[in-house]
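Two complexes come next, and they have one chain in common, chain A, joined by chain B in the first and chain C in the second.
On to the complex of A and B.
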């Protein structure tokens, strides 16, 4: 911090204005986060103020209390949803990383038949919005019998064109000489993949992890469409069903505010954890 | 489709007329496949999921575009009628949705792209310790999504006296009465663009930040020796060329997200179709036909048109970045 201050002092007035303006803009951009946090601690009367006040005046924990009371009355225990979410998330995260990097490695570094076709299909499919094809997807998932299994949660999100597309860019930046050298040293394809490609694309992997975490953590589509057993559904589904009845409702708004914060916090933690990885990993490696 | 990787067939050179030129070609193809087998093995897990959960459903949905279907009754196959109606009769699409989408995409796309790069670069100049907090803050609007939108902007542009903007303008004496920002066709589009720019720091932004991290520092020193004098020159001659894949990725993601935008007008106004179609984008048009009128066939035809549109814009982006990988 002191070093930073010293830097600011030594900077020209123009730079000082730039840094000041940038920080002010950052403060403005952070309004939603501040709001989500303070909203969860607002008593009932402050929740309905309009225009909304950003900072809570009389913080209270009542909102969380009523949320947990409500959750403990549910037919399926709250912890089951949480357990499902954790299982689905860890399976998806691990497999998305490995599967996408494997695909990106060969797409970026080798030439083979159908490569151009596959690449253009991947780029085009970025346009695809999952909600528009929910009916065909449901037919396929129930056709191969993935209903009510964890595979029904994991496999659809394995097909992540965004992740592959992004990784292709990063893997193509790994110098070919490095891969050639590894080959001469006797490394096989799996060895090159595990020892060179995976570690060197760490910043991209961290970024797609953030992205995958967010989509899977907040995803209700697989729980709604593919899971008929309540015990197989995820936390996002539970919170969503809790909130969907409250859209124009006064009584449950406090629970909604508390649930909003609880759903948001893991996103925040994962983001900070992985984003730091992005920043650190490349600083220390002398590649490129 | 795939001709770039295939070597020119040997028959063309001298051997004259062969009874079946397809056979050696096929054999060569098979041996190529055998040689590249490990590529296909590495691709297989992704490709299978990709085909099963994305390509096949999209193809199934696209065939709906040739039918008339209301979600319950029978499918009627009607050929190209949907497409003909789209370009000859659908006045709302031609005079509102299409121009609106172009205007929106032309400002938000390049604008958001430049802003993303500018802020990613500025964040990169900060000391390492505070960088990820700034990143988080800029990423927050797209992470918090709808909450952010309703909290900050709906409150700001509320049409009554207490909305932040109206309140400020009234107290300064610049307007006489409150302005109905979100329901007024004249101002809705501008607000949509402003809010979209505010929310445009998403995946592309993160990719650019990660890309900035991969630029070799020695290049900067080398550049200084070669006579690069200002930061601006550094950015143009060293930074951008060394992070080309990330710039391309970000460009494609920006194109996709601006053409796919549509929920923003609904969230701002609280209506599925905006007043006088002022903020009507192609996606709103699709939603209108799919979920309000239940003309699923027509909605699919619209989605196919949107897909084609995005394909051409993406090709343009690839050309712009002079990428060897043709789309």
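On to the complex of A and C.
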């Protein structure tokens, strides 16, 4: 700590200005997080204060208490939603990473027929907002019979165009010489993929993990459309239905605030876990 | 001839094997992509040319050709206006976001104590910019500039700036929140892009007497041109598929109206999509031209 302080003191004027400016900007950017936290601990009367206060004046845990009381009265236990969310998340993350990296490896490093077509289709599908294709998707999912299974949660987000889009850019940065050298040393496709492509695209993989986590964790579409059984729905759906059920309810606002914080915390944790990987490997990677 | 035939067959086999394994890598993604992205998109094209009605046991499609598209411009008095307004806003936002991200990432690329912490902080908005948290915040917020009221900035600005100017400042501030939040991934891409330039080049031009200013224009910027175009694309896509944007909301509303229905909503989506596509085509066209020119000169 002292060493760090000394380093800061020995910074040049330019660095000092830089640090000052960034601190101000960073403080501005973390305002929403502080807001979410302080909002969750506001007692009833402060939630309806006008003009709204930013910081909580008299923090209380009542919001969480009433949320848990409400949850324990539900037909499906809270833990079941949580379990579903965790299963869906881990399956989706693992499969998205493997499937998209494999596809990106071939797309970035090999020439074959229809490659240009596939690449342009990826870019095209990126532009299509997912809401607008939800009905055809529903028809397909129920046609294959994936309703009320975990596959119904995982498969629709499996072929993520965003992930492949980002990964193709990254994998094509890996020098061809490296791959040639591995080939000469007798590595096959699997070897090249597992030993070279996967480790070297770690920063991009970390980025898409964060993005995938965000979308899957907050996704209510699959639960609403593809799952008719309450026991197969995810935590995001539960919180969302709780919130929309309470929207016009004065007494529900405190539960909504607490639930907002609870659904946000995993996002923050995953972010903190992965971001170090993203930034570290980005700087130290041997890619040129 | 007879000697080369088995040789050629072996070569063919070899090729097929290599090719086949490469294709196997693609296969899972291709299947998923066609089932859950390509087919639904095609299906929505099909629906946009029909009047879709929900009947017991499924959908009923009546061919009406381009009627839905015509209605979107001639009958609908909300859609064209919202489309144009949103486009105007976005044309302003996209360059600002990319330039802002470039500046921030340049500064973050400097050597100063604690830069890792700041890099993480600027990447942080990624977790708001998607879905749940954002809509949660928006639903708690007020109107168009949701956070400024809650942070109680307006009296503060009014106190220090005053009068009519305060309104403009507030508008800019409202944009700044969005700009800051939407530049997380872009900053990351830029920083990663800067790492691809080898430090020895900078050293060489420094020895040749170039100032940091020169080396930015002559080396850093040209080298990060592909990343600028990547970021442009990413920003456009990010802003246009933003879940709370008014055009998408209009499309969603139409989806569940009885008299318009899925067919009309799909047509609106395709018009919207065509506009974005035109924009992206222009951007990529410009960038590839400028890049090929540079390559030609080198």
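Here, the second predicted complex is superposed on the first by the 266 of 288 C-alpha atoms of A that agree within 3 Å, B and C clash if a C-alpha of one lies under 4 Å from a C-alpha of the other, contacts with A are read in each partner's own complex, and residues count from 1 in each chain.
Throughout what follows, a residue touches a chain if its C-beta (ideal position, glycine included) is under 8 Å from a C-beta of that chain, and two chains touch if they have at least 3 such contacts.
Keep in mind the model is a prediction, meaning the values are calculated, not measured.
In the model built by aligning both structures on chain A, chain B clashes with chain C. In the superposed pair of complexes, A:116 makes contact with chain B only, with no contact to chain C. Of the two partner chains, chain B is the only one touched by A:172; chain C is not.
In the superposition on chain A, A:155 makes contact with both chain B and chain C.
By the document's definition of touching, neither partner reaches A:181: not chain B, not chain C.
Of the two partner chains placed around the shared chain by superposition, chain C is the only one that A:215 touches, whereas chain B remains out of contact. With both structures placed on the common chain, the touch criterion links A:263 to chain C but leaves chain B unconnected. Once the two complexes are overlaid on the shared chain, A:30 sits against chain B and chain C alike. In the three-chain superposition model, chain A touches both chain B and chain C at residues 4, 7, 18, 22, 26, 29-33, 35-36, 51-52, 99-100, 102-103, 105-107, 110, 112, 118, 121-129, 132-133, 135-137, 139-140, 144, 155-156, 158-159, 161, 164, 169-170, 173, 189, 193, 203, 207, 210-211, 214, 260, 264, 267-268, 271, 275-276, 278-279, 282-283, 288. Put simply, chain C touches chain A in their complex at residues 18-19, 21-23, 25-26, 28-33, 35-41, 43-44, 47, 104, 107-108, 110-114, 116, 118-128, 130-133, 136-137, 140, 147, 149-152, 180-181, 185, 188, 191-192, 195-196, 198, 230, 233, 237, 240-241, 243, 248, 251-252, 255, 262, 265-266, 269, 273, 276-277, 280.
Taken in their complex, chain B has these residues touching chain A: 1-2, 4-6, 29, 32-33, 36, 38-40, 42-43, 45-47, 49-50, 52-58, 60-61, 122, 127-128, 130-132, 134-141, 143-144, 147-148, 151-152, 155-156, 158, 162-164, 198, 201, 203, 206-207, 209-210, 213-216, 242, 245-246, 248-249, 252-253, 256, 259-260, 286, 290, 303, 306-307, 310-311, 314, 325-327.
Note for the complex: chain A touches chain C at residues 4, 7-8, 11, 15, 18-19, 21-22, 25-26, 28-33, 35-36, 39, 51-54, 99-100, 102-103, 105-107, 110, 112, 118, 121-133, 135-137, 139-140, 144, 155-156, 158-159, 161, 164, 169-170, 173, 188-189, 193, 203, 207, 210-211, 214-215, 217-219, 236, 243, 260, 263-264, 267-268, 271, 275-276, 278-279, 282-283, 285, 287-288. Put simply, chain A touches chain B in their complex at residues 3-4, 7, 18, 22, 26-27, 29-33, 35-36, 50-52, 99-100, 102-103, 105-107, 110-129, 132-133, 135-137, 139-140, 144, 155-156, 158-159, 161-162, 164-166, 168-170, 172-173, 189, 193, 203-204, 206-207, 210-211, 214, 260, 264, 267-268, 271-272, 275-276, 278-283, 288.
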